[in-house]
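Quick heads-up: structures coming right below.
Note that subunit A is present in both complexes that follow, paired respectively with subunit B and with subunit C.
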Partner chain A sequence: MLNHTPTEIAERSALRINPAKTCQPIGAMYAALGIHRCLPYSHGSQGCCSYHRSHLTRHFKEPVMAATSAFTEGASVFGGQPNLLEGLKTVFTTYSPDVVAVHTTCLSETIGDDIPQIVGEAKRQEIIPEGKYVIHANTPSYVGSHVVGFANMCTSMATYFAKEVKSPRRRTTDKHQINIVPGFVDPSDMRELRRLAEATGLKVTMFPDTSGVVDTPQTGKHIFYPEGGTTVTELQNLGRGVATMALGWWASRDAAIEVEKKAYVPREILDLPIGIGATDRFLKILKFRGGEITKELERERGQLVDLIVDTQQHFHGKKVAIFGDPDHVLALTEFCRDLGMVPVHVLTGTPGKRFGEEANRILGAKAGNIKFEGDLFTMHQWIKNEPVDLLLGNTYGKHIARAQDIPFVRVGWPILDRVGHSLMPTVGYAGAIRLASRMLDALLDRRDRDAPEHQFELVL
Partner chain B sequence: MKTPEAAPELPAKALAAVDVEAISALDLSRPDAGLAMPSGSPDPDGLVRDLVSFYPPRVQRKRSRHIKVNDPHEIPKIEANVRTAPGIITQRGCCYAGCKGVVLGPITDVLQIVHGPVGCSYYAWMTRRNQADVPDDAQNFLNYAFTTDMTENEIIFGGEKKLAQAIREAYEIFHPKAIAVFSTCPVGLIGDDVHAVAREMKAELGINIFGFSCEGYKGVSQSAGHHIANNGLFANVVGTEELPASMKTNPFRVNMLGEYNIGGDAFEIERILARCGIQLISTFSGNVQYSEIARSADANLNLIQCHRSINYMAEMMESKFGIPWLKVNFIGADSTAKSLRKIGRYFGDEDLIARIEVVIAQEMGELEPVRTDVRTRTNGRSVMMYVGGSRAHHYQALFSDIGMPTVSAGYEFAHRDDYEGSRVLDSITIDADSRNIEELTITPDPERFAPRKTEEELAALEAGGLKMHNYDGMMPEMAKGSIVVDDISHAELEHLIKVYKPAVVCSGIKDKYVIEKMGVPCKQLHNYDYGGPYAGFKGAINFYIEIDRMVNAEVWRLITPPWAAKKPA
Partner chain C sequence: MTELLAARARQVIRTGEGETGIECEKQSVAGSVSQRACTFCGSRVVLYPIADAVHLVHGPIGCAVYTWDIRGALSSGPELHRLSFSTDLRERHVVFGGEQQLEASLVELIERHHPKAAFVYATCIVGVIGDDVSAICRQVSERYGIPVVPVQSEGFQGSKKQGYDAACEALMSLIGTADASDVGPHTVNLLGDFNLAGEIWIITEYLKKMGVEVVANLTGDGRVDDIRKAHGAGLNLVQCSGSTTRLAMQMQAAYGIPFKKISYFGIDDMAAALYAVAEHFKDPEMLQRTRELVSAEIAEILPVIEECRRDLEGKRAAIYVGGAFKAISLVKALRLLGMKTVLAGSQTGTRDDYEYLTELCDPGTVIVDDSNPAELSAFLSEGKADLFIGGVKERPLAYKLGVAFCDHNHERKLPLEGFIGMANFAREVRASVCSPVWQFAPRHQNSEPQTLEV
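This part shows the complex of A and B:
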């Protein structure tokens, strides 16, 4: 397994090996699924749409509907306007979405298609039915990563829908409404974030919200537009919120800034609430913005702390390697630190030097290898040079885990070979209990496997 | 590397008992009739009209040409391999997916660098489930993804320097035998010359390095990418090495074309061929190494499994080296047996023919009890399948084995000849999208061209019931009144499922959970998701058991909660 990965690390300036990221459009497609009755639309070659739908489908094990402009060589030379116009016409006639969310690809970006201009033409030709919307996000695949594409589509939701407020004094606020941008997380996580925020007595506008879209029940019927997703009305009323909480600097920050720009809603940029510290900060801000921390929430927190007290001996001093999307990795790094583990290798594929600064801040003197815009080849080489007790990351880590024979816990996106993530959260206190339990299972299964018979314990 | 082994001993008594004369008299050229449509099937003509009713008028007209009511005796003309209408929600992918993802991807020891933004490389990384049993001391890059991860800087200033550097770095770290470079959409648009970079780096590093201009927007589907992959592989690898004399002792030497070892299919085919005493030189391209492809010109027969993705290679190898090709189908027990008999007939060796019969009898002996048992629970239950460029045809044979009729089928990216048969080849019009894909002009190799069969021998084979260089296509083997749908859309698929209420639908991952939400099991036939092999005899057993599980699973009974269930009358 991965036999050709040498221990010795050679500098590379051009070759990416085993990427720890993918391209923007898939993030935009996922975000758009979180608008109620929205059909994501990929403006580019058929392959982009096909690959993105396939990969999202494999992660969620759910239908992922999206359309494509189906570029041919002609469209690539003469521009994709006829394709987008025809595509919109067919989509509105055949699939009746309320919203079509167009995202670009490297192809349509390179030839410079101007989406707002083409959508303007579609309006002029009366292709877009009354009361229906076409929004767009520019998502060039050669910039950033899938996380950036997700962020760009979230931002576009605010740009297109949030009602503009002329001055702060003209703002009408619903003092119970809190806006939450949940980040590139699973529907289970979005559900859990809403539950926590609503438990403080606030009314939540979450955008996007893929719960109820890619975690639907088996009923014997395929519902093309399931009941979930942020409604257009909710998006239009973003300006009424007391604040917009952006969960994750990479995935959510820009959308919160956009709501602030358009409607003077103050932004709160937070970490993704994975683990105890980040969840505490999430609830603190909810409290600051008018929520009430109930006994029930304190009980949940207490149960998590209790679990850590009970199990810290198993985590203490264990070396862990963490990779994935930057918001996830930073939150996981803090949680592992709080569990008493040592995150010796921390890596994201997404660009952004803030990642290094934050990881260093979290780990302080214990900081080891930290890299943004890295890849899994580097991660594997790091582990060969300094072995770890546990690997945390998405499914693509399984080959490293096998090659180095290390316990592996799947967390983040994508998870292509296990289920549960869509239905059971990783965020919040309950999510942290689940995550810590899974990590503990992995560590103790290994201990049990490797223990000599006379030390094979019934009680641990 | 597949080292030739002596064929395993078979019982002399059984061998002697084979009636070679009778076997040699069988007509192997007739298409097998598909199982008839179940009684009470809906009126197909009305259904075809309904299927296009949800579209704008222009798309209605276009889609009507892709949807036909089949008649195996008077095959209707179907439109295929033309542009997909934007917005219909197609299954199709791109040229790059066909070139790198399908044809080149499975080769184990060619280091494959995708020149472009990161996504294209990422999505083609291990998702096709191409398996390979590579010895520990040989190179195997199947679990690696290599890309230039193009950024804005290269889009503006060009990516050739970065590509050259990436090739250098790959060579320094891995020392591969060969490197292939794949172009993605922006590469063609910004004018990077991957072939020039490949030539320069080949001179610099001294290993074989070659490029593919398989930008995603070329052609109308994956199909263009297959053609480009065939051209590149043929021009740069095939026939560049010679098979050592020690490996040329068996005259029954074949290549297996269009078999990608998804879920281990190629392993099963390798096993069966070896039992029969047929030597496999190279597979294109499942479980294969670079030098096997390089030596493939020393085979005496090319077998085509997936006609759509690899027929170009077979034609070019025949023109240059004189190796005839034969369409086979190792999907389905009866069709595997028929394919083996075709090979025996081609070589015309009595011992080989006898061996093949004994192997078929032994394998069928193991398979029959399973087939008979499964059939009691599957017989007469209907199937729909929309997939690929050959599987929507091949898998019908496997379902026929267990009595399941195919009521509707279609390909994602095939051409008219894959539907209607080789006989329509001359009447296919090449449109602007396909004309852009290079057609290589091949002449006989001055040294290596050696016709394996004379014109007279080929004519005799044909007269005796073996059609060489021919593919009959899907429609002659489908029932009268079944519906054939090319490049199916989501709306059409959903409507057909509602009308036919099939026992199982075969499609790809994008459709799978749509179908299953409707309470109908879906067998994913692109990469099988988790299962396989389904080829050959052991594969057929796997498939029967799999379909039995799917169509009879307890879970379908659980969808309706007990309090909502209708009371029994």
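This part shows the complex of A and C:
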């Protein structure tokens, strides 16, 4: 299929080929699933909602519930107010959510629907039952990417729910509460981040938290609102946290800033804790904010370092190409560097020149091809010009891996053709052990496959 | 039983209770968790398998991503259709228009890939921001001398059905643009088959054995040049009736080509389809060859069917698929396996199809149009279904309830059409219904019927 990719790289001005990003609304939908008893609501044509649900279902292998305004020709001319009002009525009478999280689409943004005004009208018409909430995020599909949509919905959670504090002196703090914005990661990662933070003795308010929502056990029942998700009470009490840790500049930073603005909770903007360095920094901040680094955590770290010591010779000097969401890619780039690998091609589909600056900072003199707002056509061309030993990225890398015959480890979102990511984390020391093992498996499977008979060895 | 949305009450009926006249072909209720997709999706799935054309999605990135290589519409040659091309409209285009972006993208694609044609899909905002897609397509077409076909598929126009119509219009603009004087009399076009898992190759092989040649595949493993001379064929075979009946009717009006609505699913319908072709051409030798083909094929798969039937006899099935015409074939195929259908529904069925479905099903079967997860879960529990047949969004619902599943949509990996397809279907159904995993996840273990848990 990828024999259509020419090796020669020409400047492109308009066309996007084989994207490395998607649109904002799906990120907003995923974030909203991380609120307890929340029904995500897509204000646009019904295809958007259907696509997002299907895509999330393919990644998580779970039912994904979300409602849509089901725009018609009329709505696209006269505005979507009647659809949203009717939609909210239907949602509250039929599905009884505690929270409806409305996100916009390219269509409703372009025709200029004012969501707060329409929700205000819904309140006047008593469509929203007592004690129920409607929140919203503007997520125009033609700005940013799915990561930005995720970030915007996280920010809205703070905007709508965090109780405002008038001045820093008026703030009541629970010295054990730490707020964590985990980023656009799997439920397994959210679980692991919570476990790590709780292991330091702190009490965690994580928002959003999709664990217990899109990783549910088989019980013989389809539960419309599973037990997981951040509760409204937790969100209201964000102001009591000693700090808000934003894991990932793209996906989480704005939400932490919002909590700070509303309630003077200091923010800590960190990288996604993938790999040793980033996990160390995550725990260091937890310690700084009152947590304790236990022997158990030190043991976990030691085991990870031990595994890398045992295997460093296999990683050393190996060329790797990494693509995906910016927070993931930067953390992975650092981890690969620390393993002794050489990240020669580093690419994200999401816009933002900070990505280039950060990747350059991580790689220093060893920096190779680095691109934000790129696509997989470019990545493929890079690899054709400078081959690599390993490809790291989401499922969409499989075409390139096959065309160029490169070992491929799936990491990030979406993963449409394998399982395990929902249940086993990539973050933290345990996640790094799993990730390094999978990368090593891929490298050594290839070595075994290609070794001539006399060099095919039992012990490696 | 879950509370139905009041506005949907007439979109659900139960057979044998004197209820007829299901309501269908209407807009989804705003705020429902509908399983339906949009107009763009309808156009995209129909045209996507044309493998030597470029398919450019004009709009923000999402629409291109969600339809990138999600359907195993196999090609025996070029694979241009599997790449994802988008104009990736940004805020500045929404303000100043996306026409330049569109033109530059088309030029680049055509110069690099030299396709036989280009399809340009207009998504939701294209009309709203005022881009004249048709004009750009016309200019580029004149410049490069290949068809550049605008597909008016703005999502808000409705469900997939409106998208099918837009796709048919696009196809119609290609048909008749090449010389068809070399096309013989015993020829057909295959409409509404998308060559999932290589199905169209099975059908083509049957026809070849009968002495019938295929002019154009519309659209599975499709080629632009074939489609351009499709007007020369003697007969149109319409498989996925929802998507391409309109095209067949247009071709009948414009070129006098008769058409037959057929189905390649299940032994009965597959055999009926081949006999319909043989009878149409009024060739006794062809009829004889067809008889021989059908009996040989059936003899080959019958042992598989019988073996699977032993394990499946008396089990109960639920069906929720894209169109009701497919549901009809499935009810029959399930009967052959000794299974009873307790639920038959579709996203976009027509009144005629539903009426036939209602007649066909046993008393007490639920017939539903444009359903949602809460309803479907309730119907599955209430009907004590052992098997659910559906698409990507239905799979996890079934599994959560401990119900076996068979994908009869984009994500099927084995061919289900043809006689061999029936054997594959039987094996796949048995594998899921009889999986050892269900001993750990008992089906319908709660005696109370599943209700909407909120």
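One rule holds in what follows: the second predicted complex is superposed on the first by the 459 of 460 C-alpha atoms of A that agree within 3 Å, B and C clash if a C-alpha of one lies under 4 Å from a C-alpha of the other, contacts with A are read in each partner's own complex, and residues count from 1 in each chain.
The rule is simple: contacts are C-beta pairs under 8 Å (C-beta built on N, C-alpha and C of every residue); 3 or more make two chains touch, one makes a residue touch a chain.
Keep in mind that what you see is a predicted model, and the values were worked out from it rather than measured.
A.B. asks: In the superposition on subunit A, see if there is space for subunit B and subunit C together, and answer fit or clash.
C.D. replies: clash
A.B. asks: Once the structures are superposed on A, label A:L390 by its partner contacts, choosing first (subunit B), second (subunit C), both or neither.
C.D. replies: neither
A.B. asks: Could you tell me if A:T90 is touching subunit B, subunit C, both of them or neither one (first, second, both, neither)?
C.D. replies: both
A.B. asks: In the superposed arrangement, which partner chain does A:Y225 touch: subunit B (first), subunit C (second), both, or neither?
C.D. replies: The second partner, subunit C, only.
A.B. asks: Now for A:L107: first (subunit B), second (subunit C), both, or neither, which partner does it touch?
C.D. replies: Both partners, subunit B and subunit C.
A.B. asks: Where does A:G44 make contact in the superposed view: on subunit B (first), on subunit C (second), on both, or on neither?
C.D. replies: A:G44 contacts both subunit B and subunit C.
A.B. asks: Contacts for A:L339 in the overlay, against subunit B (first) and subunit C (second): which applies, first, second, both or neither?
C.D. replies: neither
A.B. asks: So the two structures are superposed on chain A. Out of 22-30, 454-462 or 526-534, which stretch of subunit B collides with subunit C?
C.D. replies: Of the stretches 22-30, 454-462 or 526-534 of subunit B, only 526-534 runs into subunit C after superposition.
A.B. asks: Considering each complex separately, which residues of subunit A are in contact with subunit B in the first and with subunit C in the second?
C.D. replies: After superposing on chain A, subunit A residues 1, 3-4, 6, 12-19, 21-23, 25-26, 41, 44-48, 50-55, 57-58, 61-73, 75-76, 83-84, 86-91, 94-95, 105-107, 110-111, 140-143, 145, 216, 218-223, 399 contact both subunit B and subunit C.
A.B. asks: What residues on subunit C touch subunit A, complex-wise?
C.D. replies: Going through subunit C, the ones touching subunit A are 3, 5, 27-41, 59-69, 79-80, 82-91, 93-94, 100-102, 104-105, 108-109, 112-113, 123-125, 127-129, 154-159, 373-374, 377, 392-393, 395-397, 399-402, 441-446, 450, 452-454.
A.B. asks: So in the complex, which bits of subunit A are touching subunit B?
C.D. replies: On the subunit A side, the touching residues are 1-4, 6, 10, 12-19, 21-23, 25-26, 41, 44-48, 50-55, 57-58, 61-76, 83-84, 86-91, 93-95, 105-107, 110-111, 140-143, 145, 216, 218-223, 349, 377, 399.
A.B. asks: Give every residue of subunit A touching subunit C within the complex, in rising order.
C.D. replies: 1, 3-4, 6, 12-19, 21-23, 25-26, 41, 44-55, 57-58, 61-73, 75-76, 83-84, 86-91, 94-97, 105-107, 110-111, 140-143, 145, 216, 218-225, 396, 399
A.B. asks: Looking at the complex, which residues from subunit B come into contact with subunit A?
C.D. replies: Interface residues on subunit B, with respect to subunit A: 54-56, 58-59, 83-97, 113, 116-123, 125, 127, 136, 139-141, 143-152, 154-155, 162-163, 165-166, 168-170, 172-174, 184-186, 188-190, 215-221, 432-433, 436, 489-491, 494, 508-510, 512-519, 559-560.
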